[in-house]
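Same chain, two partners: subunit A is paired with subunit B first, then with subunit C.
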Partner chain A sequence: MVLILSLSLPPFSVVYGLSVSPIALVSFAGDDEYTPCCEFRPNITSNYSSFVLAVLIIIFLQLFFSYFKDLVGREVTVELKNDLAIRGTLHSVDQYLNIKLENTRVVDQDKYPHMLSVRNCFIRGSVVRYVQLPPDGVDVDLLHDATRREARGG
Partner chain B sequence: MATGPGLESLVDQTISVITNDGRNIVGILKGFDQATNIILDESHERVYSTKVSIRISGHNEFSLLLSVLRYLKVERCLFVFLQEGVQQLVLGLYIIRGDNISVIGELDEELDAHLDLSNLRAHPLKAVIH
Partner chain C sequence: MSWAGPEDIYLSTSLASYLDKKLLVLLRDGRKLMGILRSFDQFANAVLEGACERVIVGELYCDIPLGLYVIRGENVVLIGELDLEREELPPHMTCVSAAEIRRAQKAEREASDLKGTMRKRMEFLDLD
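Moving on, here comes the complex of A and B:
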(Lines of atoms letter the chains of each structure in order from A and count residues from 1; the text may use other names and numbers.)
(Lines give C-alpha, C1' and ligand atoms only; values in the text may rest on other atoms or scores of the structure.)
Protein backbone atom coordinates (compact mmCIF):
# COMPACT_ATOMS: atom_id res chain seq x y z
CA MET A 1 0.00 0.00 0.00
CA VAL A 2 1.46 3.29 -1.00
CA LEU A 3 1.69 5.77 1.79
CA ILE A 4 2.42 9.24 0.66
CA LEU A 5 3.70 11.18 3.59
CA SER A 6 5.50 14.30 4.50
CA LEU A 7 6.73 15.33 7.86
CA SER A 8 7.10 19.02 8.22
CA LEU A 9 9.02 18.66 11.46
CA PRO A 10 12.63 19.68 10.86
CA PRO A 11 14.15 17.53 13.63
CA PHE A 12 12.57 14.47 12.12
CA SER A 13 14.03 14.99 8.69
CA VAL A 14 17.45 15.71 10.11
CA VAL A 15 17.50 12.57 12.24
CA TYR A 16 16.37 10.21 9.57
CA GLY A 17 18.24 11.79 6.70
CA LEU A 18 15.16 12.07 4.58
CA SER A 19 14.37 14.97 2.39
CA VAL A 20 10.83 15.99 2.97
CA SER A 21 8.43 18.41 1.42
CA PRO A 22 5.25 19.55 3.07
CA ILE A 23 2.95 19.18 0.11
CA ALA A 24 -0.52 17.81 0.50
CA LEU A 25 -1.21 15.27 -2.17
CA VAL A 26 -3.36 12.41 -3.06
CA SER A 27 -5.72 10.50 -0.82
CA PHE A 28 -6.02 6.88 -1.54
CA ALA A 29 -9.30 5.54 -2.75
CA GLY A 30 -12.04 4.50 -0.39
CA ASP A 31 -10.47 6.05 2.62
CA ASP A 32 -11.84 9.55 2.72
CA GLU A 33 -11.97 10.23 6.38
CA TYR A 34 -8.48 10.13 7.67
CA THR A 35 -5.99 10.02 4.91
CA PRO A 36 -2.53 11.20 5.61
CA CYS A 37 -1.76 14.09 3.41
CA CYS A 38 1.88 14.32 2.89
CA GLU A 39 4.54 13.49 0.35
CA PHE A 40 7.55 11.39 1.12
CA ARG A 41 10.62 11.50 -1.05
CA PRO A 42 13.54 9.58 0.41
CA ASN A 43 16.85 10.73 -0.91
CA ILE A 44 19.42 8.32 -2.21
CA THR A 45 21.43 8.11 1.01
CA SER A 46 18.50 7.17 3.35
CA ASN A 47 18.68 3.61 4.52
CA TYR A 48 15.92 1.04 4.68
CA SER A 49 15.58 0.81 8.44
CA SER A 50 14.99 4.50 8.91
CA PHE A 51 12.43 4.36 6.13
CA VAL A 52 10.60 1.56 7.93
CA LEU A 53 10.75 3.44 11.20
CA ALA A 54 9.33 6.55 9.56
CA VAL A 55 6.49 4.58 8.05
CA LEU A 56 5.67 2.92 11.35
CA ILE A 57 5.55 6.26 13.10
CA ILE A 58 3.20 7.65 10.49
CA ILE A 59 0.95 4.63 10.88
CA PHE A 60 0.79 5.22 14.62
CA LEU A 61 -0.25 8.82 14.06
CA GLN A 62 -3.28 7.56 12.19
CA LEU A 63 -4.02 5.04 14.91
CA PHE A 64 -4.04 7.65 17.62
CA PHE A 65 -6.10 10.00 15.51
CA SER A 66 -8.83 7.36 15.16
CA TYR A 67 -8.47 6.49 18.83
CA PHE A 68 -9.00 10.07 19.92
CA LYS A 69 -11.96 10.43 17.61
CA ASP A 70 -13.62 7.68 19.60
CA LEU A 71 -12.85 9.47 22.84
CA VAL A 72 -14.72 12.66 21.89
CA GLY A 73 -17.03 13.73 24.70
CA ARG A 74 -14.91 12.26 27.50
CA GLU A 75 -13.29 14.26 30.23
CA VAL A 76 -9.50 14.35 29.81
CA THR A 77 -6.59 16.21 31.31
CA VAL A 78 -3.94 17.44 28.89
CA GLU A 79 -0.49 18.11 30.28
CA LEU A 80 1.60 20.40 28.13
CA LYS A 81 5.34 20.65 27.68
CA ASN A 82 5.39 23.87 29.67
CA ASP A 83 3.98 21.94 32.65
CA LEU A 84 0.54 23.51 32.34
CA ALA A 85 -2.24 20.95 32.89
CA ILE A 86 -5.70 21.64 31.46
CA ARG A 87 -8.78 19.61 32.24
CA GLY A 88 -11.79 19.60 29.93
CA THR A 89 -14.18 17.70 27.71
CA LEU A 90 -12.64 16.50 24.48
CA HIS A 91 -14.50 18.32 21.71
CA SER A 92 -12.47 17.37 18.67
CA VAL A 93 -9.12 16.26 17.40
CA ASP A 94 -7.47 16.58 14.02
CA GLN A 95 -4.79 14.79 12.05
CA TYR A 96 -1.99 16.68 13.80
CA LEU A 97 -3.52 15.62 17.12
CA ASN A 98 -4.37 19.24 17.88
CA ILE A 99 -6.96 19.03 20.64
CA LYS A 100 -10.00 21.20 21.21
CA LEU A 101 -11.33 21.14 24.75
CA GLU A 102 -14.57 22.52 26.11
CA ASN A 103 -15.45 23.57 29.61
CA THR A 104 -11.81 23.93 30.47
CA ARG A 105 -10.21 24.69 33.75
CA VAL A 106 -6.57 24.65 34.65
CA VAL A 107 -5.70 21.96 37.17
CA ASP A 108 -3.73 24.20 39.53
CA GLN A 109 -5.62 27.46 39.15
CA ASP A 110 -3.77 29.35 41.84
CA LYS A 111 -0.42 28.69 40.27
CA TYR A 112 -1.61 29.37 36.72
CA PRO A 113 -4.27 32.10 36.72
CA HIS A 114 -3.39 32.90 33.11
CA MET A 115 -6.40 31.02 31.78
CA LEU A 116 -9.01 31.94 34.37
CA SER A 117 -11.38 33.47 31.84
CA VAL A 118 -10.95 30.79 29.20
CA ARG A 119 -13.62 28.12 28.89
CA ASN A 120 -12.89 26.59 25.48
CA CYS A 121 -9.46 26.15 24.08
CA PHE A 122 -7.46 24.81 21.19
CA ILE A 123 -4.24 23.04 22.08
CA ARG A 124 -1.60 22.58 19.42
CA GLY A 125 -0.57 18.96 19.07
CA SER A 126 3.13 19.70 19.20
CA VAL A 127 2.98 20.98 22.78
CA VAL A 128 1.13 18.08 24.32
CA ARG A 129 3.21 15.98 26.69
CA TYR A 130 0.49 13.71 28.10
CA VAL A 131 -3.22 13.18 27.63
CA GLN A 132 -4.61 11.73 30.84
CA LEU A 133 -7.61 9.54 30.08
CA PRO A 134 -10.46 8.23 32.19
CA PRO A 135 -9.55 4.69 33.29
CA ASP A 136 -12.63 3.23 31.65
CA GLY A 137 -11.84 5.01 28.41
CA VAL A 138 -9.09 2.63 27.46
CA ASP A 139 -9.84 -0.74 25.96
CA VAL A 140 -6.32 -2.12 26.16
CA ASP A 141 -7.07 -5.29 24.22
CA LEU A 142 -8.66 -3.38 21.37
CA LEU A 143 -5.65 -1.11 21.20
CA HIS A 144 -3.29 -4.08 21.21
CA ASP A 145 -5.15 -5.68 18.33
CA ALA A 146 -5.24 -2.47 16.35
CA THR A 147 -1.52 -1.96 16.89
CA ARG A 148 -0.69 -5.49 15.85
CA ARG A 149 -2.84 -5.13 12.76
CA GLU A 150 -1.27 -1.84 11.79
CA ALA A 151 2.26 -3.04 12.31
CA ARG A 152 1.63 -6.17 10.29
CA GLY A 153 -0.45 -5.00 7.38
CA GLY A 154 -0.46 -1.26 7.24
CA MET B 1 -8.14 15.62 3.36
CA ALA B 2 -6.06 18.08 5.26
CA THR B 3 -8.37 20.47 7.01
CA GLY B 4 -6.86 23.32 8.94
CA PRO B 5 -7.23 23.74 12.67
CA GLY B 6 -10.89 24.26 13.57
CA LEU B 7 -10.49 27.89 14.48
CA GLU B 8 -13.34 29.20 12.30
CA SER B 9 -15.61 29.45 15.32
CA LEU B 10 -13.12 31.75 17.02
CA VAL B 11 -12.74 34.30 14.22
CA ASP B 12 -13.69 37.84 15.38
CA GLN B 13 -13.70 36.64 18.98
CA THR B 14 -11.35 37.72 21.70
CA ILE B 15 -8.81 35.02 22.29
CA SER B 16 -5.96 34.43 24.66
CA VAL B 17 -2.86 32.93 23.10
CA ILE B 18 -0.14 31.24 25.11
CA THR B 19 3.10 31.12 23.18
CA ASN B 20 5.95 28.65 23.47
CA ASP B 21 8.07 31.10 25.43
CA GLY B 22 5.35 31.50 28.04
CA ARG B 23 3.83 34.78 26.95
CA ASN B 24 0.13 35.45 27.17
CA ILE B 25 -1.24 37.61 24.36
CA VAL B 26 -4.89 38.65 24.20
CA GLY B 27 -6.50 39.91 21.02
CA ILE B 28 -9.20 39.47 18.39
CA LEU B 29 -8.61 36.60 15.98
CA LYS B 30 -8.83 37.87 12.44
CA GLY B 31 -7.40 34.98 10.49
CA PHE B 32 -5.54 31.70 10.61
CA ASP B 33 -4.13 29.09 8.28
CA GLN B 34 -3.26 25.41 8.17
CA ALA B 35 -0.03 25.89 10.05
CA THR B 36 -1.92 27.71 12.82
CA ASN B 37 -0.29 31.03 11.99
CA ILE B 38 -2.73 33.62 13.32
CA ILE B 39 -3.57 37.26 12.83
CA LEU B 40 -4.49 39.06 16.02
CA ASP B 41 -6.01 42.52 16.08
CA GLU B 42 -6.04 44.92 19.04
CA SER B 43 -3.65 42.68 20.85
CA HIS B 44 -2.02 43.27 24.17
CA GLU B 45 0.33 41.16 26.20
CA ARG B 46 -0.41 40.35 29.82
CA VAL B 47 2.70 40.11 31.92
CA TYR B 48 2.25 38.35 35.22
CA SER B 49 4.61 38.74 38.11
CA THR B 50 4.84 37.62 41.67
CA LYS B 51 6.28 40.86 42.93
CA VAL B 52 4.44 42.45 45.78
CA SER B 53 7.08 45.05 46.29
CA ILE B 54 6.46 47.89 48.58
CA ARG B 55 8.56 50.80 47.55
CA ILE B 56 9.15 53.49 50.09
CA SER B 57 9.76 56.69 48.25
CA GLY B 58 12.72 58.90 48.91
CA HIS B 59 12.34 62.49 49.68
CA ASN B 60 13.54 63.72 46.31
CA GLU B 61 10.42 63.03 44.33
CA PHE B 62 8.02 64.55 46.73
CA SER B 63 9.94 67.52 48.08
CA LEU B 64 7.17 69.93 47.19
CA LEU B 65 4.49 67.75 48.70
CA LEU B 66 6.64 67.20 51.77
CA SER B 67 7.10 70.88 52.31
CA VAL B 68 3.34 71.39 52.08
CA LEU B 69 2.77 68.65 54.62
CA ARG B 70 5.41 70.13 56.92
CA TYR B 71 3.61 73.41 56.71
CA LEU B 72 0.46 71.59 57.81
CA LYS B 73 2.42 70.26 60.81
CA VAL B 74 2.57 66.70 59.51
CA GLU B 75 5.86 65.48 60.87
CA ARG B 76 6.36 62.05 59.46
CA CYS B 77 5.09 60.75 56.19
CA LEU B 78 5.66 57.56 54.35
CA PHE B 79 4.95 57.12 50.67
CA VAL B 80 4.23 53.53 49.79
CA PHE B 81 3.91 52.11 46.28
CA LEU B 82 2.55 48.69 45.45
CA GLN B 83 3.80 46.94 42.34
CA GLU B 84 1.08 46.46 39.76
CA GLY B 85 -0.13 42.87 39.47
CA VAL B 86 -0.61 42.26 35.80
CA GLN B 87 0.90 44.57 33.23
CA GLN B 88 -0.90 45.00 29.92
CA LEU B 89 1.38 46.02 27.07
CA VAL B 90 -0.42 47.22 23.97
CA LEU B 91 0.83 45.59 20.78
CA GLY B 92 -1.67 46.32 18.02
CA LEU B 93 -2.00 44.13 14.91
CA TYR B 94 0.11 41.02 15.20
CA ILE B 95 0.85 37.91 13.19
CA ILE B 96 1.95 35.01 15.36
CA ARG B 97 3.71 32.11 13.70
CA GLY B 98 2.05 28.77 14.30
CA ASP B 99 5.25 27.04 15.43
CA ASN B 100 5.33 29.29 18.40
CA ILE B 101 1.79 28.77 19.66
CA SER B 102 0.87 26.45 22.54
CA VAL B 103 -2.74 27.21 23.39
CA ILE B 104 -5.46 29.34 21.86
CA GLY B 105 -8.24 29.97 24.35
CA GLU B 106 -11.57 31.64 23.78
CA LEU B 107 -11.73 34.50 26.25
CA ASP B 108 -15.05 34.81 28.00
CA GLU B 109 -15.56 38.60 28.25
CA GLU B 110 -17.81 38.33 31.30
CA LEU B 111 -15.37 36.25 33.26
CA ASP B 112 -12.55 38.50 32.19
CA ALA B 113 -14.37 41.59 33.45
CA HIS B 114 -14.61 39.99 36.86
CA LEU B 115 -10.88 39.44 37.03
CA ASP B 116 -9.05 41.88 39.24
CA LEU B 117 -5.80 42.17 37.33
CA SER B 118 -4.17 44.57 39.73
CA ASN B 119 -4.29 42.01 42.49
CA LEU B 120 -3.33 38.97 40.48
CA ARG B 121 0.04 37.51 41.23
CA ALA B 122 1.49 34.55 39.42
CA HIS B 123 4.72 33.02 38.39
CA PRO B 124 5.35 33.54 34.70
CA LEU B 125 4.55 30.54 32.54
CA LYS B 126 7.41 28.26 31.70
CA ALA B 127 8.77 27.94 28.21
CA VAL B 128 7.94 24.84 26.19
CA ILE B 129 10.72 22.28 26.17
CA HIS B 130 10.43 19.64 23.50
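Moving on, here comes the complex of A and C:
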Protein backbone atom coordinates (compact mmCIF):
# COMPACT_ATOMS: atom_id res chain seq x y z
CA MET A 1 0.00 0.00 0.00
CA VAL A 2 1.38 3.35 -0.89
CA LEU A 3 0.33 6.40 1.01
CA ILE A 4 0.86 9.60 -0.92
CA LEU A 5 0.97 12.83 0.98
CA SER A 6 0.57 16.17 -0.67
CA LEU A 7 1.28 19.67 0.54
CA SER A 8 -1.65 21.03 -1.45
CA LEU A 9 -5.29 21.13 -0.37
CA PRO A 10 -6.23 17.94 1.42
CA PRO A 11 -9.64 17.50 -0.27
CA PHE A 12 -8.07 17.86 -3.67
CA SER A 13 -5.60 15.07 -3.11
CA VAL A 14 -8.37 12.92 -1.70
CA VAL A 15 -10.39 13.35 -4.89
CA TYR A 16 -7.60 12.63 -7.29
CA GLY A 17 -5.44 10.41 -5.13
CA LEU A 18 -2.38 12.14 -6.50
CA SER A 19 -0.22 15.00 -5.50
CA VAL A 20 -0.70 18.22 -7.38
CA SER A 21 2.85 19.34 -7.20
CA PRO A 22 5.56 16.93 -8.30
CA ILE A 23 7.94 18.71 -5.96
CA ALA A 24 5.76 18.03 -2.96
CA LEU A 25 5.21 14.40 -3.80
CA VAL A 26 6.14 12.16 -0.95
CA SER A 27 5.25 8.54 -0.76
CA PHE A 28 5.51 6.11 2.05
CA ALA A 29 5.68 2.38 1.67
CA GLY A 30 3.28 0.35 3.71
CA ASP A 31 3.78 -3.18 4.90
CA ASP A 32 4.21 -4.69 1.48
CA GLU A 33 6.11 -3.75 -1.61
CA TYR A 34 7.23 -0.20 -2.37
CA THR A 35 5.94 1.40 -5.52
CA PRO A 36 8.32 4.03 -6.85
CA CYS A 37 6.79 7.51 -7.07
CA CYS A 38 8.10 8.05 -10.56
CA GLU A 39 5.36 5.70 -11.78
CA PHE A 40 2.80 8.42 -11.12
CA ARG A 41 4.64 11.26 -12.79
CA PRO A 42 3.40 10.75 -16.36
CA ASN A 43 -0.22 10.92 -15.09
CA ILE A 44 0.46 14.11 -13.18
CA THR A 45 2.23 16.05 -15.91
CA SER A 46 -0.36 15.25 -18.57
CA ASN A 47 -3.23 16.61 -16.41
CA TYR A 48 -1.25 19.22 -14.49
CA SER A 49 -2.83 22.30 -16.02
CA SER A 50 -6.36 21.00 -15.56
CA PHE A 51 -5.48 20.08 -11.96
CA VAL A 52 -4.29 23.61 -11.32
CA LEU A 53 -7.41 25.10 -12.87
CA ALA A 54 -9.64 22.85 -10.78
CA VAL A 55 -7.72 23.77 -7.63
CA LEU A 56 -8.14 27.48 -8.32
CA ILE A 57 -11.86 27.06 -8.85
CA ILE A 58 -12.18 25.05 -5.66
CA ILE A 59 -10.21 27.65 -3.71
CA PHE A 60 -12.50 30.48 -4.76
CA LEU A 61 -15.68 28.56 -4.05
CA GLN A 62 -14.49 27.87 -0.53
CA LEU A 63 -13.37 31.42 0.19
CA PHE A 64 -16.55 33.24 -0.82
CA PHE A 65 -18.78 30.57 0.61
CA SER A 66 -17.08 31.05 4.00
CA TYR A 67 -17.30 34.81 3.60
CA PHE A 68 -21.03 34.76 2.88
CA LYS A 69 -21.65 32.39 5.77
CA ASP A 70 -20.31 35.11 8.07
CA LEU A 71 -22.67 37.62 6.47
CA VAL A 72 -25.82 35.66 7.29
CA GLY A 73 -28.35 37.89 9.02
CA ARG A 74 -27.12 41.09 7.36
CA GLU A 75 -29.10 43.23 5.00
CA VAL A 76 -27.86 42.91 1.42
CA THR A 77 -29.01 43.91 -2.04
CA VAL A 78 -28.63 41.26 -4.71
CA GLU A 79 -28.51 42.51 -8.29
CA LEU A 80 -29.28 39.83 -10.85
CA LYS A 81 -28.12 39.52 -14.43
CA ASN A 82 -31.62 40.40 -15.62
CA ASP A 83 -31.21 43.79 -13.84
CA LEU A 84 -33.64 42.89 -11.06
CA ALA A 85 -32.33 44.17 -7.72
CA ILE A 86 -33.69 42.67 -4.51
CA ARG A 87 -33.01 43.91 -1.01
CA GLY A 88 -33.36 41.50 1.88
CA THR A 89 -31.85 39.78 4.87
CA LEU A 90 -29.37 37.08 3.97
CA HIS A 91 -30.87 33.87 5.32
CA SER A 92 -28.49 31.29 3.93
CA VAL A 93 -25.94 30.56 1.25
CA ASP A 94 -24.55 27.35 -0.15
CA GLN A 95 -21.48 26.09 -2.00
CA TYR A 96 -22.91 27.21 -5.37
CA LEU A 97 -23.47 30.67 -3.82
CA ASN A 98 -27.22 30.22 -4.21
CA ILE A 99 -28.75 32.81 -1.92
CA LYS A 100 -31.88 32.71 0.18
CA LEU A 101 -33.23 36.10 1.19
CA GLU A 102 -35.91 36.89 3.73
CA ASN A 103 -38.06 39.96 4.12
CA THR A 104 -37.41 40.95 0.55
CA ARG A 105 -38.32 44.14 -1.22
CA VAL A 106 -37.66 44.81 -4.86
CA VAL A 107 -35.68 48.02 -5.43
CA ASP A 108 -37.76 49.28 -8.37
CA GLN A 109 -41.16 47.85 -7.41
CA ASP A 110 -43.16 49.56 -10.15
CA LYS A 111 -41.15 47.91 -12.88
CA TYR A 112 -41.72 44.43 -11.40
CA PRO A 113 -45.36 44.23 -10.31
CA HIS A 114 -45.30 40.44 -10.18
CA MET A 115 -42.86 40.54 -7.26
CA LEU A 116 -45.24 42.48 -5.02
CA SER A 117 -46.20 39.65 -2.68
CA VAL A 118 -42.84 37.85 -2.65
CA ARG A 119 -41.29 38.12 0.81
CA ASN A 120 -38.84 35.20 0.78
CA CYS A 121 -36.92 34.02 -2.20
CA PHE A 122 -34.28 31.62 -3.40
CA ILE A 123 -31.84 33.04 -5.93
CA ARG A 124 -29.78 30.71 -8.08
CA GLY A 125 -26.08 31.53 -7.75
CA SER A 126 -25.50 31.53 -11.49
CA VAL A 127 -27.77 34.53 -12.08
CA VAL A 128 -26.23 36.86 -9.52
CA ARG A 129 -24.35 39.83 -10.92
CA TYR A 130 -23.60 41.74 -7.69
CA VAL A 131 -24.17 41.34 -3.99
CA GLN A 132 -24.20 44.81 -2.47
CA LEU A 133 -23.07 44.76 1.15
CA PRO A 134 -23.37 47.17 4.05
CA PRO A 135 -20.24 49.35 4.30
CA ASP A 136 -19.29 47.81 7.63
CA GLY A 137 -19.93 44.33 6.34
CA VAL A 138 -16.43 43.84 5.02
CA ASP A 139 -13.37 43.40 7.14
CA VAL A 140 -10.98 44.09 4.30
CA ASP A 141 -7.82 43.07 6.15
CA LEU A 142 -9.32 39.73 7.16
CA LEU A 143 -10.38 39.09 3.59
CA HIS A 144 -6.94 40.02 2.27
CA ASP A 145 -5.31 37.60 4.71
CA ALA A 146 -7.71 34.83 3.80
CA THR A 147 -7.11 35.41 0.08
CA ARG A 148 -3.35 35.35 0.52
CA ARG A 149 -3.63 32.18 2.55
CA GLU A 150 -5.81 30.48 -0.04
CA ALA A 151 -3.56 31.56 -2.90
CA ARG A 152 -0.57 30.11 -1.13
CA GLY A 153 -2.45 26.84 -0.94
CA GLY A 154 -2.75 26.60 2.82
CA MET B 1 -18.44 18.78 -2.77
CA SER B 2 -16.95 16.71 -0.02
CA TRP B 3 -15.29 19.21 2.25
CA ALA B 4 -18.40 20.99 3.60
CA GLY B 5 -18.09 20.84 7.37
CA PRO B 6 -20.82 19.37 9.60
CA GLU B 7 -22.13 22.84 10.48
CA ASP B 8 -22.72 23.59 6.80
CA ILE B 9 -25.65 21.21 6.65
CA TYR B 10 -27.74 23.62 8.68
CA LEU B 11 -26.71 26.54 6.54
CA SER B 12 -27.19 24.99 3.12
CA THR B 13 -29.76 26.70 0.96
CA SER B 14 -32.42 24.08 0.48
CA LEU B 15 -35.66 24.37 -1.40
CA ALA B 16 -37.20 21.91 1.05
CA SER B 17 -38.86 24.74 2.96
CA TYR B 18 -40.70 25.69 -0.26
CA LEU B 19 -42.20 22.24 -0.89
CA ASP B 20 -45.97 22.16 -1.39
CA LYS B 21 -46.10 25.94 -1.42
CA LYS B 22 -47.33 28.17 -4.18
CA LEU B 23 -44.32 29.81 -5.72
CA LEU B 24 -43.39 32.33 -8.34
CA VAL B 25 -40.55 31.11 -10.54
CA LEU B 26 -38.74 33.62 -12.73
CA LEU B 27 -37.04 32.14 -15.77
CA ARG B 28 -34.07 33.42 -17.73
CA ASP B 29 -36.21 34.25 -20.76
CA GLY B 30 -38.33 36.59 -18.62
CA ARG B 31 -41.29 34.28 -18.13
CA LYS B 32 -43.07 34.12 -14.80
CA LEU B 33 -44.44 30.76 -13.80
CA MET B 34 -46.56 30.16 -10.75
CA GLY B 35 -47.33 26.81 -9.24
CA ILE B 36 -46.95 24.47 -6.30
CA LEU B 37 -43.46 23.05 -5.84
CA ARG B 38 -43.58 19.29 -5.67
CA SER B 39 -39.95 18.35 -6.20
CA PHE B 40 -36.46 19.78 -6.64
CA ASP B 41 -32.83 18.72 -6.80
CA GLN B 42 -29.32 20.09 -6.34
CA PHE B 43 -29.39 21.86 -9.74
CA ALA B 44 -32.60 23.70 -8.81
CA ASN B 45 -34.54 21.60 -11.32
CA ALA B 46 -38.14 21.86 -10.15
CA VAL B 47 -41.49 20.19 -10.60
CA LEU B 48 -44.41 22.63 -10.47
CA GLU B 49 -47.93 21.36 -10.21
CA GLY B 50 -50.83 23.44 -11.47
CA ALA B 51 -48.43 25.78 -13.18
CA CYS B 52 -49.65 28.88 -14.93
CA GLU B 53 -47.72 31.53 -16.78
CA ARG B 54 -48.45 35.08 -15.71
CA VAL B 55 -47.99 37.31 -18.71
CA ILE B 56 -47.78 41.01 -17.87
CA VAL B 57 -47.88 43.70 -20.56
CA GLY B 58 -48.09 47.23 -19.15
CA GLU B 59 -51.26 47.38 -17.06
CA LEU B 60 -52.69 44.13 -18.45
CA TYR B 61 -52.07 40.64 -17.19
CA CYS B 62 -53.27 37.12 -17.88
CA ASP B 63 -52.74 33.75 -16.23
CA ILE B 64 -52.34 30.99 -18.81
CA PRO B 65 -52.75 27.52 -17.28
CA LEU B 66 -50.00 25.04 -18.14
CA GLY B 67 -50.48 22.00 -15.93
CA LEU B 68 -47.58 19.93 -14.61
CA TYR B 69 -44.20 21.43 -15.43
CA VAL B 70 -40.63 20.19 -15.02
CA ILE B 71 -38.22 23.12 -15.13
CA ARG B 72 -34.54 22.64 -15.87
CA GLY B 73 -32.52 24.37 -13.16
CA GLU B 74 -30.20 26.30 -15.47
CA ASN B 75 -33.17 28.41 -16.64
CA VAL B 76 -34.24 29.36 -13.14
CA VAL B 77 -33.46 32.90 -12.02
CA LEU B 78 -35.44 33.17 -8.84
CA ILE B 79 -37.92 31.16 -6.82
CA GLY B 80 -40.10 33.34 -4.64
CA GLU B 81 -42.58 32.34 -2.00
CA LEU B 82 -45.88 34.10 -2.55
CA ASP B 83 -47.31 35.61 0.60
CA LEU B 84 -50.97 34.64 0.53
CA GLU B 85 -51.98 37.52 2.77
CA ARG B 86 -50.73 40.12 0.34
CA GLU B 87 -52.02 41.10 -3.07
CA GLU B 88 -50.06 39.39 -5.81
CA LEU B 89 -50.40 42.30 -8.16
CA PRO B 90 -51.03 46.04 -7.84
CA PRO B 91 -54.77 46.82 -7.84
CA HIS B 92 -54.70 49.00 -10.96
CA MET B 93 -53.87 46.04 -13.20
CA THR B 94 -56.63 44.45 -15.22
CA CYS B 95 -57.03 40.78 -16.07
CA VAL B 96 -57.61 40.07 -19.76
CA SER B 97 -58.03 37.00 -21.90
CA ALA B 98 -55.15 35.02 -23.37
CA ALA B 99 -55.84 36.21 -26.93
CA GLU B 100 -55.80 39.85 -25.89
CA ILE B 101 -52.58 39.54 -23.92
CA ARG B 102 -50.92 37.85 -26.87
CA ARG B 103 -51.99 40.77 -29.07
CA ALA B 104 -50.60 43.20 -26.51
CA GLN B 105 -47.33 41.25 -26.34
CA LYS B 106 -47.02 41.32 -30.13
CA ALA B 107 -47.68 45.08 -30.19
CA GLU B 108 -45.04 45.64 -27.51
CA ARG B 109 -42.54 43.53 -29.42
CA GLU B 110 -43.18 45.39 -32.64
CA ALA B 111 -42.82 48.73 -30.87
CA SER B 112 -39.45 47.76 -29.41
CA ASP B 113 -38.32 46.39 -32.80
CA LEU B 114 -39.29 49.67 -34.41
CA LYS B 115 -37.39 51.58 -31.76
CA GLY B 116 -34.39 49.35 -32.47
CA THR B 117 -34.45 49.94 -36.24
CA MET B 118 -34.94 53.71 -35.83
CA ARG B 119 -31.96 53.81 -33.49
CA LYS B 120 -29.89 51.86 -36.00
CA ARG B 121 -30.83 54.32 -38.76
CA MET B 122 -29.87 57.26 -36.54
CA GLU B 123 -26.55 55.64 -35.70
CA PHE B 124 -25.92 55.08 -39.37
CA LEU B 125 -26.47 58.78 -40.08
CA ASP B 126 -24.04 59.52 -37.23
CA LEU B 127 -25.73 62.81 -36.36
CA ASP B 128 -23.69 63.57 -33.27
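Miscellaneous remarks
Convention: the second predicted complex is superposed on the first by the 104 of 154 C-alpha atoms of A that agree within 3 Å, B and C clash if a C-alpha of one lies under 4 Å from a C-alpha of the other, contacts with A are read in each partner's own complex, and residues count from 1 in each chain.
Assume a residue touches a chain if its C-beta (ideal position, glycine included) is under 8 Å from a C-beta of that chain, and two chains touch if they have at least 3 such contacts.
Predicted model, so just to flag it, every value in this text is computed and none were measured.
Overlaying the two complexes via subunit A brings subunit B and subunit C into a clash. When both complexes are overlaid on chain A, the residue A:71 reaches neither subunit B nor subunit C. By the document's definition of touching, of the two partners only subunit B reaches A:111; subunit C does not. Of the two partner chains placed by superposition, A:133 touches none, neither subunit B nor subunit C. In the superposition on chain A, A:146 makes contact with neither subunit B nor subunit C. Applying the stated contact rule after C-alpha superposition, one finds that A:63 touches neither subunit B nor subunit C.
In the overlay built on the shared chain, the residue A:83 is in contact with subunit B alone; subunit C does not reach it. Annotation: subunit A residues 11, 80-82, 84, 86, 92, 94-95, 98, 100, 104, 113-124, 126-127 touch subunit B in one complex and subunit C in the other. Subunit A contributes residues 10-11, 14-15, 58, 61-62, 69, 72, 80-82, 84, 86, 91-95, 98-100, 104, 113-124, 126-127 to its touches with subunit C in the complex.
Subunit C contributes residues 1-4, 8, 11-13, 15, 18, 24, 26, 28, 30, 32, 44, 54, 56, 61, 73-74, 76-84, 86-90, 93 to its touches with subunit A in the complex. Partner subunit A is touched in their complex by these residues of subunit B: 1-3, 5-7, 10, 16, 18, 20, 22, 24, 36, 46, 48, 98-99, 101-109, 111-112, 114-115, 120, 122-123, 125-130.
Subunit A meets subunit B in the complex at residues 11, 24, 27, 32, 35, 37, 80-84, 86, 92, 94-96, 98, 100, 104, 111-124, 126-127.
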